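Order of writing sets the chain letters: A, B, C and D. Residues in each chain are counted from 1.
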Amino acid sequence: MVRVPKRLRLVGYRLLQAIPVLIGIVVVSFLLTRALPGDPAVYFAGPAASEESIEQIRVSMGLDRSLPVQFLAYVGDLLRGELGQSISTGQPVLTELTTRLPASLELTGFALLFSIAVAMPLGILAATRPNSWIDHLCRFVVTAGVSLPTFFTGLALVYLFYFLLGWSPAPMGRLDILYLSPPHVTGFYVIDALIDGDFETARAALAQLILPAVTLGLFTLAPIARMTRAAMLQVLEGDFIRTARAAGLSGNKVLYTYALRNAILPVITTLGMVFSFALGANVLVEKVFAWPGIGSYAVEALVVSDYAAVQGFVLSMALLFVILNLLIDVTYTLVDPRLGMED
Amino acid sequence: MSIPLLDIKALTVEFGTRRGVVDAVRQVSVTVAKGETVGIVGESGSGKSVTSYAVMRILDRAGRIAGGSIVFGGINVGKADERTMRDLRGREMSMIFQNPRAALNPIRSVGRQIEDVLIEHSLATRADAREKAIDVLKAVRINNPESRYHAYPFELSGGMCQRVVIAIALACRPQLLIADEPTTGLDVTTQKAVMDLIRELTAERNMSTLLITHDLGLAAAYCDRIVVMEKGRVVEEADTATLFANPRHPYTRRLLQATPRLDSKVADLLPEEDSRRRAPSARPPGEVLLRIQDLVKVFPGKEKGDEYRAVDGLSFEVRCGESLGLVGESGCGKSTTSSMIMRLLDPTSGRILFNGEDIGTVPGKRFARHPARAGLQMVFQDPTDSLNPRWSARRSISDPLMRLGHVSGSALRAKVEALAQMVGLPEHLLDRFPHQLSGGQKARVGIARAIALEPKLLILDEPTAALDVSVQAVVLNLLVELRERLGMSYLFISHDLNVVRLLCERVLVMKAGRIVEQGSAEHLLDRPEHPYTRELLAAIPHPPSSPPRVSSESEDSVIAARWP
Amino acid sequence: MSSSSVKNFARHARYVMTENPVTALAALLFLLIVIAAVAGPALVPYDPMATDGDRALQPPSWDHWFGTDHLGRDVFSRVVVATRLDLMISLAAVAMAFVIGSAMGAVAGYFGGWADRITGRLLDTIMAFPLFVLAMGVVAAAGNTIENIVYATAIINLPFYARMARAEVNIRRNAGFVQAARLSGNGDWRILAQHIFPNTLPPMMVQISLNMGWAILNAAGLSFIGLGVRPPTPEWGIMVAEGANFIVSGEWWLAFFPGVALMLAVFTFNLLGDGLRDLVDPQRRT
Amino acid sequence: ARNDTLVVVTGTTINSLDIHRSGTNRPSYQVAVNCYDRLLTFGHKQLEDGSFSYDYDNLQPELAESWDVSEDGRTLTFKLRDNARFWDGKPVTAHDVKWSFDRAVTLGGFPTAQMAAGSLEEPEQFEAVDDKTFRIRLPHSSKLTLPDLTTPVAIVINSEVAKAHATDQDPWATEYLHRNPAGSGAFKVERWDSGQQLVYSRNDDWACGPVAKIQRVIIREIPSQSTRRALIERGDVHFSQNIPAKDARELEAAGKVKVVSTPIENCLHVLCTNLNFEPFQDKKVRQAIAYAVPYEAIFNNAAYGRGVPMWGGDSTKPESIAWPQPFPYSQDLEKARALMAESSHADGFSVPLSFDLGQADWAEPTALLIQEALGKIGIKVSLNKVPGANWRTVALVEKSLPLHLENFGGWLNTPDYYFYWAYVKGNLFNSSNYDNKEVAGLVDETLYMAQDDPKYAPNIRRMIEIAIDDVPRIPLYQPSLNVAMQQSTTGYEYWYHRQLDVRPLTLKQD
């Protein structure tokens, strides 16, 4: 009875904490974009534009004003929910983000699923046999995964599984040309196709996902496996595990219900970190697999000094990060009854 | 004689470590008959726990039973397969541990944890598990079991957690209960309540109990028979009365002697031939060194109105050369008081007059450079925690000398070595790191550091709580000696009246931040006036040579006092 | 005293390595990398910058162990010579991140209050950026020089140290030995620097080694999108990035060998972590 | 069905469907090419290697059925096709042409500049005489006007649809046309997923030429160059636009797919010395550099032999007026050193060599080779990659790069047009800040002059002679536009705008 409001307050507190972060992000992203070299007005004016037309465009974009004024205008737009227009793609930033974010999230989500499915069992296995050859092998494998740049792994996988073996569909983005994208519900193609009852398309979308997701997932194996192992080791040493064993609970019950559930707490925190990390690494994977996600968008935008796009991207990522952390906190409070009760 | 329930014969347990194989238990034979309570006593590391783990077969991966046999109720535990063992554990024999809070899964409600065991052993189905779990909670006398069912361990007090652990252990009505130091870390009063509960429940069910403890007093109070272990071996076994009346093995004798009793003097704790024996000489107290007036410490809570008065208007004084004892149960504010006197913590109000100067007004942050700093030193409760793990003993002892004494170079070396000699620390240990030292050695390093600047007042915050009785005996004698040599005053903090009495002429009894009684040590122990003092006294288990075994009549009142 | 402590350390190092075969392997590899970094330019058979149009894109052979690139430069020489730069980038970036980050975190963790809150929000802000994109932004804005790559890498690594230092300091700030240090007349700063901070090193070592590998990968990623080290400086990341375009056309050696070097280095750093921790952890000394 | 759908991959993103809009990038021009009609177009010719190209010398009608040039060359009258209809069925009228041209010259930026190249500068020049007659008045006659009307800028837009979506702030409906083309061209845009793909579908009622053979064309954006190569090599796509020279060579050698490489008319990859910087003000230094550049190696290792060499010409006094033509330089380090020794910078100097990140595939190896070679004559070169957006600013607008690699090719294929942009002070592509009164005068005189004017050839020769002697821009080679396609794909045609004209493409049924 006392618990609920306390936890609610915790979540509220987290939300409050996010406010300075968001303000910080707005300021930093604004300054960062203005520090970018290149003159958007020149770029925007296109080839063969004259001085006057460049100047005209500079004025229409508001770039002739002083930085503080530009900043105020930007904040004003933000408050009205306007993210501006991306000059490099010619679309409103908001549209771009809403179509591209699901692509990135789908990719990252699948990558993490893959990563968790591989890394957690490895970590548990390693923790139950510390310092054995299995432990060393696990360490070796997951470290190998994180040792290669993602773009290299990606290209190598494409070369092997698509070019040489032909097992994988052409790396042409989210869906092969043969299929039409499913009606938009969530933006996740696999899920949307399933909702639509179109299993063929769902399967095709899934097939497109495998290579990029594995590429990204390989990269995130190590932190998850390492954390799982460390947390499991620590928990397994705990007195309550001994109690559970002494009470005759079965090995699986001890390992999963008692040890793993406790060990999962630090793993969840790591997952949050890994997720935001993977969203960053997306940038490279998306480029390799022609994935129309938010990461490749950001790269392009950054290279051409597309202010609105970069700002919009950074802001949406920050929001995502805040939401993610909130989710983690909530999961944490769900799993760990101690939270919010003692200091 | 009937067949014993548990029959351990020539048990040897080995651990494979990186420095080769360690024999933790060698050739140990112990039997426990039905309904019997057998105690295993011995110092830390003597193999008590390992023996019990071997019985349950829950040794670490590194450990293995290298020889001997363990037969429980006709089943050879050493040879049985894991299935059989799983059935045995919890159902036929079960175990409770030290530090009850850590022994419970922190994120599972206690009711569920009890259910897990019941369901595992097919004593309940999912449908009636809850009801049965509540019954079990009732059996261990937990008030309001229906709502406690949902509680998480962190929401319960230590004593209550231990009851839950007992509930888990006894849920399936096993025949043997192994209790491994079940009350370490609990208050004396709680300890008594828990032990009484165990005795009562086991008697009621005609169970056997194997009680593992290093506290001879406790073993004497609750066991029929006692097995003494030293360095992995059983050195003596006898029924309780015989053992105490006529200890045969020298180790047993030493153990017995080192255990403080109501009438023992500090020198008595060490064998007569030990050169470290010291008798305190009663010196007339000098003038007032420290005067505490109306000291209050309020800790702000998370919310308004949530504040906590840890120390609530304390006034007392310590004279030059005097030793003052401060006793009270856990959480009554003893450490808070000492921190304030040490100027590690700023009091909320009140005065701390040291040598007539009010040092309470100097903020703790700036006290490091105050001239009085060197005059006030402290020995901490946990010797391990109080030493910087990255510093050698020498460096730790040097620190105050360099900072406040401004000694350096060869003078520093000489001084440190002199100090080490003074506290009886062999010189070759000075370059070791804390983890390479034993508890007693660490305590000495801590003491050497504290007396390096020859302080006028030394606060001892439970300096022996983490030590074995025999080490405690040595340290207490050392403290007596040092006091005489250096003319210090002590403020000795403990929850164990018995120990305080050995060192202190005068004792304050504290409860909930206030002093409830004070007086000379003798007077207080002989004729305690305040009921709280009496309760504290009654809860201390004593070896039988002096008062008889603890009677069970006071038990209800104790429980009532703790769990209203 | 010092010679004996050196000897002690050596004995301890030997112990740490014999105890864990993986650490021993990592130490060996590390030695190899250091040798390549120090003596690399003197060891290689060809000038890593010299082009030779006639020998472009030759597969590995006796003359060119790792083959040649599209301008006929010897890949082996370039891979070996690149070691120094890559090691420097990762060392410099991690050192910077470590020094600044752990100092920030330590102060926040020790003093708490406003210092803590401000650092916390600052770190959150950095973390809220997708880190690689932040690095990209910094390099794009400041120009793609080696220094800027180092700064960018340092900035994105900083929060890890700061958070870790904060947590580790925080749990120790009221430890017994800290109180004892206060009684010995140590001021706050001295306590922080001499007593608490060194104790936080063991877990940080693992982080350092992870981040060293990460720093190299980060530089490689920047190269891939064209913001990395400037040509013609040999650097693994840029070699892999450029070579990656040649994989499909069958000139695998261009990306493969620098890729292996990169992988080996990252691998070494990652595996070294546990060993390093054991090395600085006095508890592991016997 | 797969057989009438053509799949094209490209590495660049299409960012708008409206070529007139400011910010529209080069790859988007293909929408103008394929979905809109112009008044005029060019005919085709077969090149020596058997591939097809547009023919600059052969103007053909597109929307205009016929045209008429007045005596003084200042009035152009066009008669529109009767049967030409926009996609919505509305007939194409002269009013649409006027509205579209008005739009192009009013919106500013690139379309206005391109129109101006044909002396089409203000709305008053355009007149819809009646529904089917359109007239242009010129301030002076110009040989560039008619060719300029074939460029993707001079498209005809359905003005009624556009006007229906115009607003007070946006009288030219840029917001609407940005996403919704309204034309009469051979293909309509079926779907546009920004950043992913553009799908054309055939306009069965196209009046300005033979109806396309292919039903649908999917343009997929695949950023990774090696992925594009894998796709075409594995046969999963039909056509790969603008492939790197290296791939062109290798794919051609492998023989599985067809590769067409067409030298881009009027386009040169050049090393520019910026005369605003002290060392390069000395002609000797420029010539020394021109003699130091390893042309051969660059052509082999950066261009992979694709393109036309632009070094080793015979004489410093050109005989022909062909543009581009090889300059009489080739690598001769002795000569280069001698020139350096005579120059004001006999001890050498250091200079950064910049290039555009977006052009790195040829520019980077080229820069590396130049760096090495210039090192041999005492010029210490450091390399400087400039990201795409910044490139325009620093190289072309500010013109602040001392030494850099540039490529410029004019759409209108006459030498004077090239010189106008690249050798006249103040013009955008003169990133060398080259300023020569004589050249400027010659360009001024020749720009609008008919090519058969007797003064034309000598003027051009003189221009080229000066350019050779002064070498503010050191030509390296003339690049090729390389494309790869499956054997089943035929009908590819090279265009000066370097966009893929999908209209003539066919797929063999298999």
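Keep this in mind: contacts are C-beta pairs under 8 Å (C-beta built on N, C-alpha and C of every residue); 3 or more make two chains touch, one makes a residue touch a chain.
What you see is a predicted model, and the numbers here were worked out from it, not measured in a lab.
Chemist: Give the chains in contact with both chain B and chain D, ordered by label.
Modeler: A, C
Chemist: Between chain B and chain C, tell me the centre distance in angstrom, where each centre is the average of that chain's C-alpha atoms.
Modeler: That pair's centroid distance is 46 Å.
Chemist: Go ahead and note the Å separation of the Cα centroids belonging to chain A and chain C.
Modeler: Using C-alpha averages as centres, the distance is 24 Å.
Chemist: Per the centroid of Cα atoms for each chain, what is the distance between chain A and chain D, given in Å?
Modeler: Distance between chain centres: 40 Å.
Chemist: Could you check chain C for residues that touch two or more other chains and list them?
Modeler: 140, 226, 244, 247-248
Chemist: Among all residues of chain D, which ones touch two or more of the remaining chains?
Modeler: Residues 226-227, 230, 233, 357, 387 of chain D touch two or more partner chains.
Chemist: Which two-chain combinations qualify as touching?
Modeler: In this structure, the chains touch in these pairs: A-B, A-C, A-D, B-C, C-D.
Chemist: Inside the complex, what are the residues of chain B that reach chain C?
Modeler: 18-19, 339, 342, 344, 365, 368-369, 373-374, 376-378, 380-382, 384-390, 396, 399-400, 403-404, 433, 435-436, 446, 449-450
Chemist: Which bits of chain A are touching chain D when the two form their complex?
Modeler: For this pair, the touching residues of chain A are 36-40, 42-50, 52-54, 56-57, 87-91, 96, 99-100, 155, 158-159, 162-163, 166, 170-174, 177-178, 181, 287-290, 292, 296-297, 300, 303-306.
Chemist: Once bound in the complex, which stretches of chain A touch chain C?
Modeler: Contact set of chain A toward chain C: 17-18, 20-21, 24-25, 28, 32, 35-37, 131, 136, 139-140, 143-144, 146-152, 155-156, 158-159, 163, 222, 276-277, 279-284, 287, 295, 298-299, 302-303, 310, 313-314, 317-318, 321-322.
Chemist: For chain D, which residues are in contact with chain C within the complex?
Modeler: That would be residues 225-227, 229-230, 233, 246-247, 250, 294, 296-297, 300-301, 357, 360, 364-365, 367-369, 371-372, 382-385, 387 of chain D.
Chemist: If you look only at chain C, which of its residues touch chain B in the complex?
Modeler: Per the touch definition, chain C meets chain B at residues 19, 175-177, 179-188, 195, 198-199, 282-283, 285-286.
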